[in-house]
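Structures are listed in the sections that come next.
Each of the next two complexes has chain A plus one more chain, namely chain B in the first and chain C in the second.
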Partner chain A sequence: MAGYYARRALLGLSLVLGLTVVAYLLVYVAPGDPAYVWAGRPRGPRAAEAIELAARELGLDQPLYVQVASFVHRFLSGSWGTSIAFKRPVAEIVLRSFKATAELLLFSYLVSVPLGLSIGVFMALRRGSGIDLALKLSSSLLISVPRFWLAIIAVLALYILGLQPFGRVDPRYLVELREVTGFYLLDSLLMLRPDVFLDSLARLVPPALIVAAYPTFYIAKYVRFTLSERLYEDYVMEAVSLGVSRGTLVTRYALRGVIPAVLQLAGVNFVYSFVDAAVVEIVFMREGIGRVLVEGLLRSDYPLIVATFFVVSLVLIAVNSAVDVVQKRLDPRVRI
Partner chain B sequence: MRLTRSLVLAAVLLVAAGTLAVFTLWRPPAPQVRLLVYAYRDAITGIDPSVEFDTGLVVLGAVYEPLLYYNPLTKQFEPALAENWLRVNETCWIFKLREGVVFHDGTPMTSEAVRFSILRTKTIYEEKGVGPGYIWDSVEDIVVLNDTAVGFKLKYPAPLDLIASSAYGAYIYSPRVLRYAGAADPTDESVRLWFEEGRSLGSGPYYIDYYDPLNEVRLRRFDKWWGWARVNNPLAPELVIIKIVSDPVTQVVGLRGGGIHIAMAVPRAEVRSLIDEGFKVVEQHTYYSYILMFNTRRWPTNVTEFRLAVLHAIPWGELVDRALRGFGIPGSGIVPYGYPGYVDDLRFEYNLTAARELLRRAGLEGARVRIEIVITVGYEEEEVFAKLLESELRKLGIELEIRSYPWEVVRECGAAVWRNPEEAPHLIINDWWPTYPTPYDYLYLLHCESREWNWAGYCNEELDYLLDTAFELEGQDYERALRLYEEAQRLVFREGVAAALWTVVQPYVVSPRVRIREEALNPLYMYVIRFQHVEVP
Partner chain C sequence: MSYARAVRGRPTLWRCWRRRDFKVGLMIVIVLALIAALSPVVAPYPEEGEGLVTEAAKQRGPLPPSAGHPFGTDAVGRDVLSRVLIGSRYSLLQTALVILGSLTVGVLLGALAGYLGGIAEALINYFIELFLPLPPVVVAAALSVLIGPGMSTVVLSLVLTWWAWYARIAYVHSRQLRDLDFVKVSEALGFRRIYVALHHILPNVASPVVVQSVLDSASVLLEVSSINFLIGSVVAPFDAPDWGTMVGYGFRYITTYWWMSFFPGLFLVLTAFGFILIGDAVSEESSPSLRRRWRLWF
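Now for the complex of A and B:
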C-alpha cells in the first residue's frame, strides 16, 4: 500500500507539473498582453514605455524556455506571486474561490451518490415498469441537458416564486459573518447562527442540485443496468424461489458488488462536476473557481490561470486516488 | 448496507432541509444597517489611488477626494479638499486646504499629504510609465506653505484647477501609508500592494471594509468625514456593497428580487418594462465615447474618399436609437458633447448617393471590396452598429466582415496597425473616457506619438502641431487653445480618419425605495455614485 501511495504521489506530481507547463504555454500563445494589464492599462503618452517596462518586470522579455522554467520553479517552490490583473496574492484569490466551489461540490456529492444509488436500485427492482421507463427518460434528459441551461431555468423558476438564490449568503449577513473556514455553512454553525446557516443553505441547494443532476442520474443509470443483470442471474432466481425477497437480495448481496464501481464513477464524474460548478456558480452569482478562470482568461492573468489549473488538477488527482483506496478497501479483488 | 442506508437518509435529510429552507423558512433578514447594493459590471482592476486607471474608479470615487471637483456640463468647480485656490501667475498656483479634515486612520489632512500624494502619482509615472501621473507633467515642485496652504510651481503654464479635479490620479491620501506598508520610498511596490490588499487611507465619506475585486467591495460610512453636516442626509447608507454582476440579465433579476438597489448594466431593452414596474431610472450624462477609427495604412481605408464613403453610409440619424435604445448623444467630431472642445457641426450625413460618388472618385465604384471591422464581444451597441453598417455597405457593393473579440484582443488588433498594418482591421471601435477635462485627452488618440492608442495608424504633422500647441496654450490662453483643438477636429473630419459614433448616457435603474439626489452624479467621474447623496429609507 505504501508503494502505491508513493507511485501515486509521484505520478500526481508529474501530472501536475506537466499541466502547469501546458497551462503556461496555452496562456502564452493565447491573445492578450499580460504586460499591458500589469502596467494598469496605461493611456498616457508613455504607455508603450510602461508596457515595455512591465514586460521586463514580469520577465516576459526572456526566451520562452527561460520564462517557463523560472515560472514553474517559483510556482512549485510556493511563490505563486501576485495576480496581474487584481494585484492580490494569487494563492489568496484561488484558495478563497476554491473553498466556495468546494462547498458547492461537496454538497452536490453528498446528495448525488446516495441518491443515485437509491434511484438506481429503485429502477432495477421495477425494471420494465412505467415508473422505470419514466425515470430512464428523465435520467437521459437530465444527463444530456447542459447545466448552464438548467441553472438559468432554475433561476427564473425561483424568481417567479419570489425567491432570490443569488450569492452565498444575504449581503446583510456578510457583514456579520466571521470567516473561520471559508465554508459558510460551517462558519455559520461555528458562530451559532442558525439564521445565517439557513440562509446559506437555501442559497446552496438550488445550484448544488443542478450540479448534482449529472452524477446522480449517471450513477442511477449505471446501478440500474448492473443490478438488473444481476437480478436475473441463476443464483438470484434460485434465492427468490426459496422465498428471499428481491429487496433483501439487492441490499445484502447484489449492491455490495456495485458500490466500488459506483465510487469509481463518482470519482470520474467529479471532473465534469468541476466544470459544471464553474458554470453554475456564475449563473447564481456565487464566487468560485469558474469566475476566477473567466476573469483571469479575459485579462491574460497567467499566474492566476495557472494556479487555478494547478489547484483543480491537484484536487482531481487527490479525489481519484482516494476513490481507488476506498475501492480497494471495499472490494478485496481490486489490485492497486 | 447500514452505511448505504445512512447515506441515503443523510442525502434525503439534506435535500429536505435545504428545500424547506428555500420554500418556507427562508426570508431575507431584517436590515441591521442602512444598506445599499450597487451592481457594477466589471471586476475591479485596482485601488491604489496613484496608479489605478480603470474600473477601480468606482471605489476610489467614494473613498478618496481630490482638491476640487469639476462638472464640465455646468462649467462649475466644487471645492473638495481645497476651499480656495488662486492662480498667482501663469506658473504658480496656491491651494488653501479645508481645515478639520481627517483621513480614515484618524490623521489630519495637511499640505504635506497633498504634496506626498501628488508627487507619488507623478513619480510613479515618470519612473515606470504606470498610472495617470502624466496629468501632473507641468508640475515642477509642490511647496508646503503651511499646514493648510500648498503652492504649485509649474514648468509651463497649465490649467491646474482642471488637473486637480481629474477623475484619475488626483486623489489625496495620508503619507502614513509608507509606515503602514513598511516602505521607505513612495514608489516602492509594497505601497501599491498595501493598497491592493483592500485598505484605504483617504478622506472620503466611505472607507473600504472588505475588498474582493472579483466579487464585491464593501464600503463603510466614515463618521468623521467633514462633509456629513453639509450633505444633510440622515438617510445616507451606512454600508455600501459594490457587487460585481457582469451579466446584465442577472442585474435585472437582482433588482426585481430586491437584492440589488442600483443597477448600472441592465439591458437597455429592459429599461422601459422596469419603469412600468415602478423602478426609477436616473440618467447620467457621461463622456464615454465610442470612436470609429479607420486603418490609414491598409488598402482601401488608406484612401480618403473610401473612408468618407463609409462614413456617409452610416445611418447617423437612427444610430443612437438603434444601438443605444436612445441612451446616448450622437457624435460630432471626436470630443464628446458637453466636454471642453466639443464642436457641434462636425457630423457626417447619411447619404448613399454621396457615398457612391466618393467611391467613384476613389476608382472603387462597382468594385468588389471586402473590409473588416473589429468590435468588442458582449458590447451590444457595437454589435448593432456593425450590423447596420454591414447592411448599408452591402448596398454600395462593400462586404463588411464583423469580428468580435474580448477587449484585450481588440486592443492588440488596434495597436497592430503600427507593427503590421495588413494584420490590423480596416475599421475598429475605440471606447474612450476622460481623465481631466482637456480635449487633448481624446484627440491624442490620433497623435503620431500615440502608438498604443492611435489605432488608425494616422500620422499628420499638421495635426500633431495643432494638438501640441493647443495643449501648451491651455494654461495661458484657454480660448485660443480651444480654437486650435477645433481646427484639429475639422482636419480629422475632412480626412475622415475617425469619428465619434456616440456618447453614452448611462441609465441607472434604481429600486423604488432608494433615491439618488442630483449631486450624487457628475459626468466626469464615470460610474461613480457619491453615496453620501443617496437616500435609503
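Now for the complex of A and C:
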C-alpha cells in the first residue's frame, strides 16, 4: 500500500517535470523566431525593440543549458513574465482566473456526481420501464447538446425574461469584496455578507448547471449500464435467495464496485468539462480561463497562454493523481 | 454453426440492426453524410455557404427566417441554410480526422507498449499519463498562436490529447494478449517480434479501440466545435463555415439575429444525438447480460 503511494507520488513529480519540458518546447522550439512569438507578434516602429527584449528575457543569447536551467527555475517558481494583453504579471492573472473557473467547476461537480449517481441507480432499478426509456433518451439528448450553445439559449431565454445573470458578482459589490480565497462564495461568507453570497450564488447557478449537464447524464448512463450488468451476476441471485432486501443489495453490495469507477469517470470527464467551463464562461461573461484564452488569442499573448497551459495541466494532473489514490483506497485491487 | 457463434449468439451488429434507436441513429448519420457529400449541389447559395459575401448578400442584409431563407441570413446577408449545409463537411471532416489520427497513433503505441514490455512499455505509459490530462482547448489556443489558427490546428491539438485514451485501451488489451498461447507459439516458431506485433497483436487490439471510437464520436464532434467556438469566434476569419465557428460568430449578434447561432447549433445537437444513439446500441448489445430485455427479476 505505502509502496503504491510512493510510486504514485514519484509518477506525479515526473509528470510535472515532463510538463515543464512540454512548456519549454512550446516556448523555445517555436517555428520561426521564438522571441517574436513571445513578444506577441509585434508590428510597427517599436517591434524590433520588443523582440530584442523578449530574446533577452528568454535568454536566447545564452548557451542551451543555461536557457533550460533558467527556464525550469523560472517556471517552477511562478515568475512567468508580463502579460501583453493585461499589462500585469501573468501569474497573478492566471491564478485569479483559474480560481474563478475552479469555483464554477467544483460547484458543477458537487451537483453532478451525486445527482448522476442517483439518476443512474433509479434507471437501473426500473430498467425496461417507460420512465427508464424516457430518462435514457433525455440523458442521451442532453449529452448531445453542445454546452456553449445551451448557454447561449439560456442567456437568450433569461434575457427575454428580463434577467441578466452575467459576471461573477454584481459590479457594485466588487469594490467591497475582500478577496481572501478568491472563491466569491467563500469570501462573501467570510465577510458575513449574505446578500453578496446570494448574488454570487445566483450568478453561479445557471452556468454551473449547464456545465454539469454533461457529467451528470454521462454518469447516470454509465451507472445504469454497469449496475444493470452487476444485478445479473450470480452473487445477486444468491443474496436474494438468502432474503437480502433490494435496497441493501443495491447500496451495500452492487454499488460498492460501481462507485470507484464513477469517481474515475468523473476525474476523466473533468478534463473535458474544463473546455465546457471555458466556453460557458465566455457566454456568461464571467472572468475565468475562457476569457484569458480569448484575450490571449486576440493579442497573441503567448506568455499568458503558455502559463495558462501549465497551470491548468498541472491541476488536471493533480486531479488525476488524486482520483487514482482515492480509487486505490476504495478498491485495493488497483495497480499502477 | 461455428463454436463462437453458438456461444455468443448472433454478431453484435446484426443484433443492433433490430433496435429502433440504432436505426434512428444510423438514419441521422446517413442523412448528414449525404448532406455533406451533396451540399454543393443541394445548398441554394453554395458560394455564400463557403464564405463569400456576394453582391446579392450585401444587398440582402440580415433577414429573419422566411420562405426564401428558411434559416434567415447572417449579419452580412449570407444564407444561413447554405452555410449550415456546407458546414457539415467541415465539422464532420474534422471529427473524422481527429478520430482517425488518434486511432492510428493510439493503437500503434498502445499495442507496442503492451507487447514489447520493458523500456518501451514504461516510456509509452509515461507519455500516456502525461498527455491524457492536457486540456485540448488550451493546447489549441497555444498552437493557434504558434502556427496560426485553422482547421488543421484544431485537429492537431485534439489528436495530441485524444490518442492517449486509445493508447491506454490498446495497451490493456495487448498486455493480456502477450501471455496467450497463440502469441507464444508464433514467437517460439521464430517469427520476428515486429511480425507478431503487426499480425497478431494489432488486429486483436484494434477492434475494441475502434468500438470505443464509435462511442466517442459525439464527444469528439462537440469538442471540435467547442474549440472552434472559442478560437473561431475570436481569431478565425468569419467566413469559415464550421458549425462551432458559426455559433461563435453569431453569438455576438445573439439578441438581434438569434437565428445565426441557433440553427448551426441545432445541427450539432442532431448529429451528436445520432452518434450517441448508435453508440448506446452498440455498447448495450455487446454486453451479454444487458442483451436480455426483461426487467429486474427481484
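Please note the rule applied: the second predicted complex is superposed on the first by the 253 of 336 C-alpha atoms of A that agree within 3 Å, B and C clash if a C-alpha of one lies under 4 Å from a C-alpha of the other, contacts with A are read in each partner's own complex, and residues count from 1 in each chain.
Following the convention adopted for this analysis, contacts are C-beta pairs under 8 Å (C-beta built on N, C-alpha and C of every residue); 3 or more make two chains touch, one makes a residue touch a chain.
As the structure is a prediction and not an experimental result, all values here were calculated from the model.
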{"item": "Chain B versus chain C as contact partner of A:Tyr159, first or second or both or neither", "value": "both"}
{"item": "Chain B versus chain C as contact partner of A:Ser129, first or second or both or neither", "value": "second"}
{"item": "Chain B versus chain C as contact partner of A:Asp195, first or second or both or neither", "value": "first"}
{"item": "Touched partner set for A:Leu110, first chain B, second chain C, both or neither", "value": "first"}
{"item": "Chain B versus chain C as contact partner of A:Ala278, first or second or both or neither", "value": "second"}
{"item": "Which of chain B and chain C A:Pro31 touches, first, second, both or neither", "value": "both"}
{"item": "Touching partner for A:Thr251 - first (chain B), second (chain C), both, neither", "value": "first"}
{"item": "Touched partner set for A:Asp187, first chain B, second chain C, both or neither", "value": "neither"}
{"item": "Footprint overlap on chain A, comparing chain B with chain C", "value": "31, 37, 41, 155-156, 159, 282-283, 298, 300"}
{"item": "Residues on chain A engaged by chain C in the complex (per definition of touch)", "value": "11, 14-15, 18-19, 22, 26, 30-31, 37, 41, 124-129, 136, 140-141, 143-149, 152-153, 155-156, 159, 221, 225, 228-229, 231-233, 236, 240, 246, 249, 268, 271-272, 274-276, 278-279, 282-283, 289-290, 293-294, 296-298, 300-302, 305-306, 308-309, 312-313, 316-317, 319-320"}
{"item": "Residue ranges of chain B in contact with chain A within the complex", "value": "1, 4-5, 7-8, 10-12, 14-15, 17-19, 21-23, 25-26, 28-29, 31-33, 35, 37, 43-46, 48, 51-54, 125, 128-134, 192-193, 196-197, 209-210, 212-216, 218, 239, 241, 243, 245, 247, 250, 253-254, 256-259, 405-409, 411-412, 435, 444, 449-453"}
{"item": "Complex contact set, residues of chain C against chain A", "value": "126, 129-130, 132-139, 141-142, 144-147, 149, 161, 218-219, 222-223, 225-227, 229-231, 234-235, 244, 247-248, 251, 254-255, 258, 261-262, 265, 268-273, 275-277, 280, 283-284, 287, 289-290, 292-296, 298"}
{"item": "Chain B contact footprint on chain A (complex, rising order)", "value": "31-33, 36-37, 39-51, 53-54, 82, 85-88, 93, 96-97, 107, 110-115, 117-118, 155-156, 158-159, 161-167, 170-176, 195, 198-199, 201-202, 204-206, 208-209, 251-252, 255-256, 259, 282-283, 285, 287, 291-292, 295, 298-300"}
